[in-house]
Amino acid sequence: MLLDKLTEQTGSKQWQPKIVAFFCNWCTYTAADLAGVSRIKHAPNIRVIRVMCSGRVDPQFILDAFSKGADGVLIGGCHPGDCHYQEGNYKCLRRFQMLKRVISSLGIESERLRLEWISASEGDKVRVVVNDMVAKIKQLGPLGLPVKYKEWAKEMHVLDSEIAGKEEVYA
Amino acid sequence: MPDKPKLAFYWCAACGGCEESVVDLAEDILFVVDNVDIIFWPVGMDFKKSDVEKYADGEIVVSLINGAIRSSEQQEMVQLLRRKSKVVIAYGACAQYGGIPGLANEFEKEEILKWVYEDSPSTYNEEKVRPLIKYKANGSDVFLPELWNVVRPLNKVIDVDYYLPGCPPSSKLLKEAVLVLLSGKLPPKGTVLAPDIALCDECPRKDTKPTDLAFTEFLRPNLHNIDPEKCILSQGFVCMGPATRSGCGALCVGGNMPCTGCYGPTSRVKDQGAKILSSICSNVEAKTEKEIDVVLKGIPDPVGTFYRYSLAGSILRKKVSI
Amino acid sequence: MIVELDAIRGVSLDTIYDSPEGKLIQTCIQCGTCSGTCPYGEYMEYPPRRIIKLLQHGLVDKVFDTDSMLKCVNCYACMMKCPREIHLTEVLLQLVKEQTVIKLPVVPPELQKALENNYRYGNPMGESGRKRANWVQTSSVPIRILSQNPEPVDVLWFVESYPAFHPRGQDTCRAIAKILNALGVDFAILGNEEKSAGECGLLSWESGLAEALVDYNMAIFSKYKFNRIITSDPHALDAFNFRYRMYGFKGSITHIVPFIIENIDKLKPMLHKTLGYSVTYHDSCCLGRHNGYYDEPRALLKAIPGIKLIEMVHNRINTLCCGGGGGGMWLDTYFKSQNMERLSDRRIKEAIDTGADVLAVACPYEIPRFEDALKVAGYDKKMVVRDIMELVSEAMED
Amino acid sequence: MSKTNGKIRIGFYICHCGTNIAGTVDVQKVVDYAATLPNVVVSKHYKYMCSDPGQEMIQKDIKEQELNRVVVAACSPFLHERTFRNATSQAGLNQFYFQMVNTREQNAWVHLDPEASTEKAMDLVRSAIKRVVFHKPLEQKTVPIKPDVLVVGGGIAGIHASLTLANAGKKVYLVERDPTIGGHMAMFDKTFPTLDCAACILTPKMSAVKNHPNITMWTYSEVESVEGYVGNFKVKVKRKPRYIIDDLCVGCLDCIEACVYKEPRFYDEFNQGLSKRKPVYMPFPQATPQLVVIDPDTCIWFKTGKCKQTCVESCERKAVDLNQQPAYKEIEVGTIIVATGFKPFDAGKVYYYGYGTYPNVYTALEVERLINASGPTSGEVIMRDGSTPKSIAIVHCVGSRDKNTNLWCSRVCCLYSLKLAHLLKEHTHADIYNFYIDIRTPGKLMDEFYTRMAEEGVKFIRGRVADIYPDTSDEEHRRLVVKAEDTLIREIIKVPVDMVVLSTGLVPRDDANDVRRLFNITCSTEGFFIERHPKLAPVNTFTDGIFLAGCCQGPKDIPDTVAQAGAAAAEALALIDLGYIELEPNTAFIVEEECSGCKSCVPLCPYSAISYNEEKRKANINEALCKGCGTCVASCPSGSIKQNLFEDEEIYSEIDGILNYEIYEEAVCC
């Protein structure tokens, strides 16, 4: 029952990708505000978590978001050289380059994780990036890790009943 | 000696090293034997499953289970032991996080079977025979355990009370754990019975580590010599020490090898691999995508490096199949 | 300033407002730069600015009853100077043109003939397609024709109709063959299989004809293996780069001038003859304004020993059209009947003013047009028209 | 008895913002939904949460319902987070027990589908409600403000800001790159619409700066580096060698006379190259300070090492020092005003207007010098070919409102074009044609000025100039033909004129990007610095303690520039007089017993806030130095560094909330 409900939520025609975004306070979050002030419409699939700097984005947060049902994760930071904290964005970039390798070797398409430099003045870039990412993820389809975990767990439950049968044989 | 607390040992997907570590107690094992009644230890003595089934639920005081869970038989056995035991301890890295067997989660079951039974260079199997789960022998049905698609740490299959980390756990930790259990002063459920601080704390080379770490390249211990005096990480070899619990006494570093992370992360960390990745990559010196990639190429297998013991217990658990 | 071809494919005047181009058109500030820069703006009842305003008000049909767009010579001046980057020449004016020719009571016979010839013979002058490769026999170097030797080739040279048939165009062809050969380029031509690419502007009069030629040439291309296409005709370059791409053409296409510039280091030691001409260069609308090749032709001319380059008053983005584009090649009689100044006449006045000996060009239409205009001006003894390739070839002589 | 009983009690509020939010987001649905979430005891919507009644509603609920957490879904936290935090704390709750949900800027304003918008709002509300549970009571950090101010740029904006601050008794360092202060305004002849003489109103202010005891004026100097933060910036200023000893030079100009170059022959910057200067020169007669300068790029001594050094000999006071080296000054200031100005658009970029090709095509700034009584022609309009024009075309919008160059309207060009039309007419009695797209004359007395010009007989042609070329029909005179469509009479016209004036727009300075990085402020893609809020914080930047004035923020006229400079000075004064600034307590800290002393974090901090304690063998964060980026927190391999306001649990709970993870929990238990 629950699985059906989940599949309905994540696999049906109505499926809409959910993207968790981590935006740095000074550049990308401000740019997203600017997009608002300028009424630059874009896809509603993005949920922004504000952090002070892209350097605060712990790779654990990204994996956590994927494992909890995000179809994509977007990190937005200041352009190289423009970090409000001088170099936080470089640290983010370094982790990102490695994390992309990790997730793709674990079967998650690397397009699902995106790092973009969006300065405070680039309201329109928020639109371009979000729309593009949503379009690409729609093409990929749902990641739906929670549903997959549930499916993986099935092998154990299926055997619960078989064990009962087997015990008789052993006896 | 009916009054002595009953103790069970069991192994699942493991190398046997954890069992060895029990023997490593040396003369202390006599102390253990004096104080407990080992009622199940397939590696050491001849017991049958039916012996365990005879006990009442909860009659076994402690079960120490090592190894990851990757087959129907292992699941069945640990579920049985869970029912019969008051306390279950996940013993060693495999039981705690999946350990080395957990790296099988980088592959699909079919890939693994195909390699093992067909493609590996040492295999000769022209008919491509695969083991059957059920077959007839001498007129009766014989069952073989079924390999699961996913390798799981123990706590993804049964409820686990305590964890003894390590590959294998040091005998010192085992002894301390036994003493705590015998004393009856049980720590809160879920406790990892090792110090909750990273390995650097007890590393003999701690003072040689610089405060201006900046990686320009990464080296591999099989290809380069390690200076036996200096912090291994600072020489460019990936050392998991900063992201790994202490408690082993920095054994590997003592052997001039980097820590590979078998004690798992501290309690504050959800995903050991992600955390060491975060720390090491942040300290890379390069600033452009291209230069960064060149440096990071020095770590050719990030999953195998950062998640050597913890993949099955990590946030992502396993390669996602379509 | 690149139009997103996908975004305008299938756009008509009715649907233009739903396209990204329509959004641009809505931003027009009616500054009149388009009309002011248009070489025939003063002869149009509805110059581009008014067309935009009429479109905004839903009254664009008015334009079809006039010959305004018959006078557009596809020179791209309005488009390249537009402060709102409206793709006038590429999109809106093309659509209006097509409607104009449908509504015209009488299509000017010369234009009618050119369209028909293109349809029947694959070239606007009505020559037999079987004679297209005849000029090859007069070449001093061997030229591979793919239908005879279909092996894969590096560079496919799309010769085009004017160079293939016009005597002065053939001069340029022989020069190009010689240069390519000297540079060791692995090249071949389609020979008689080739049909007119369909000059970009001409195509806009007749989209049916356009599609036929595009389909034909793309089918021929698919028969052979080659890495890139070069052409000496900027109009063909434009047709491939814009019109053909809308129909899915994905190949690489380069004009001969930038292609030679890629090999300039190899070419330079071969240019041993000092020419001693003073030269003025005419920027072709398609090559310069539309494709941005301003520096390459000049660099090539400067590589020739002894050439002194003098600029005309209108050059680069501000160049004056020769009047041959957009079907203008076949409308001279019509324009004359409307008492309009021939643009080639206007242009050679500026060329004469420079005092140069040679008017250098890089487009096959311009040689006959300017030679004729110089003759009319009585100046043909003092100034000659030369394709840059002819000058390069001359400098290669011993 | 307390209702809370140690329990979390959350009050949730969503703002309609008139119809700004409620027009797209179904606020009732969100309120109903929030009421079902754990720990929520109050869930309400209101027309304007930021209004007094809105705030009072929260405060009343905090008291009556014993709320201990508050979540408000409204606009961006940049706008009203402070408002609601204040409301929370005034009701006796720690202000950091508050969390805001951005439902306007990042939701209602950017999405069209009300259903999707409402769903997004619900996700983010759930996220905030989960997050706020983990909030901790924190104290705000206060930082003392050093009273000295740095003003960068000595144009009218920098001059006015400096004088305002100095008159209030504050010590000001004014740093100017050029050898003199005065900026562009010093180059202008008269100012619109009042036509007062620019020099007459500017030079008194220039000397006031020079003579003010509270102002340290460093010309021919540049800011090299800026470190530190609001309240305590450490600034290094490079004083370029002018090869003249400031204290000894009295501005007698003898050295200029004595220069081995008998005639001036180098591009004179102040006169836009319309006249020549020598390598040793005084920028202009009223230059402040009255010090000559030697330009090493043109001085033969610096170029060849050979010169008789007549300038050195000529100076009785021995003020010429050809061995002078750059000097570096280090100062500590609490606030900074950036007033680095603009650059006129490079007219050569509109190729078809022929600037640089035809000598009689001028830029507006050149004409300012040409008609100035102290300019190269002493105010007579004599063109490069020696003639005086009888007809003049003024081309508006050069480089402005054009996607090929700059999109913006430069705001001042219409008016200065009108001014130049008047002055040129006054000087030459020529026919003047203004080619314009739109005449824009907002502001006090501006449109009246336009009317006056029309009365004076200036001709206006509505059409953007499409082409300028020599008139070949007139062989001797070689006039220029200006071609455009007169869009009002719908004719293509070709107007032959003697002179063309290009009204170039205002563009950011070439090094705007470097300046932005130097001061850690932001600029738009074109290069104008960005204010913190376009309406409510127009002179603030995103960096506390750094303010903007003048055209470096965007094109504006002199009155607006001066007003903005005053505002920037007032903002600085407000900080200085309070003496301290409250900062977000979002600093990081290390839990000592958890730290293994792995030292990985130490090199990550750009502010050296993390140090390694050799004795304890642990790392430590100096809270006063920490700026709160959180990079070390994300990097700590053993999870032993935490960041206030952004703790791991807080972010995990946000992720949980966004993804509504509960619905899965059953599925993933094993």
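Residue numbering begins at 1 within each chain, and the chains themselves are lettered A, B, C and D in the order written.
FYI, a residue touches a chain if its C-beta (ideal position, glycine included) is under 8 Å from a C-beta of that chain, and two chains touch if they have at least 3 such contacts.
Because the structure is a prediction, the values reported are computed rather than measured.
A.B. asks: Farthest from chain D by Cα centre, which chain is it? Let me know.
C.D. replies: Checked the centroid distances; the maximum from chain D is B.
A.B. asks: Which chain pair shares more contacting C-beta pairs: B-D, or A-B?
C.D. replies: Counting C-beta pairs in contact for B-D and A-B gives the edge to A-B.
A.B. asks: If you average the CA atoms of chain B and of chain D, how many Å lie between those two points?
C.D. replies: 57
A.B. asks: Counting in whole Å, what is the centre-to-centre distance of chain A and chain B, each centre being its mean C-alpha position?
C.D. replies: The mean C-alpha positions of chain A and chain B differ by 29 Å.
A.B. asks: When the C-alpha atoms of chain B and chain C are each averaged to a single point, how far apart are the two points in Å?
C.D. replies: Comparing mean C-alpha positions, chain C is 72 Å from chain B.
A.B. asks: From the mean C-alpha coordinate of chain A to that of chain D, what's the distance rounded to whole Å?
C.D. replies: 35
A.B. asks: Multi-chain contacts only, two chains or more: what residues does chain D have there?
C.D. replies: Those would be 604, 631, 634-635, 648, 670.
A.B. asks: Where in chain B do residues touch at least two different other chains?
C.D. replies: Touching at least two other chains: 157, 269, 275, 278, 282.
A.B. asks: So with touch defined the way it is at the top, what topology do the chains form here? Options are line, ring, star, complete, other.
C.D. replies: other
A.B. asks: Chain pairs in touch?
C.D. replies: Contacting pairs: A-B, A-D, B-D, C-D.
A.B. asks: Touching residues of chain B toward chain D in the complex: what are they?
C.D. replies: Chain B residues touching chain D: 156-157, 196-201, 206-207, 209-214, 241-243, 246, 265-266, 268-269, 275-276, 278-280, 282-283.
A.B. asks: For a test of understanding, state which residues of chain D touch chain A in their complex under the given definition.
C.D. replies: It is residues 76-78, 102, 104-107, 109-113, 116-117, 119-120, 123-124, 127, 516-517, 520, 522-525, 530, 534, 542-543, 586, 604, 606, 627-631, 633-635, 643, 646, 648, 651-652, 654-656, 658-661, 663-664, 666-668, 670 of chain D that touch chain A.
A.B. asks: Inside the complex, what are the residues of chain A that reach chain D?
C.D. replies: Going by the criterion above, the answer is residues 2-3, 5-6, 9, 16, 18, 20, 26-27, 30, 32-33, 35-37, 39-42, 44-45, 47-53, 55-61, 64-65, 68-70, 81-82, 84-88, 91, 95, 119-122, 127, 146-147, 149-150, 153, 156.
A.B. asks: Please output the residues of chain D touching chain B within their complex, sorted ascending.
C.D. replies: Contact set of chain D toward chain B: 593-600, 602-604, 612, 617, 631, 634-640, 648, 670.
A.B. asks: If we count contacts the way the header does, which residues on chain B are in touch with chain A in the complex?
C.D. replies: Contacts found on chain B: 49, 72, 75-76, 106, 141, 143, 146, 148-150, 157, 269-271, 273-275, 277-278, 281-282, 284, 286-289, 292-293, 296, 299, 302-303, 306, 314-322.
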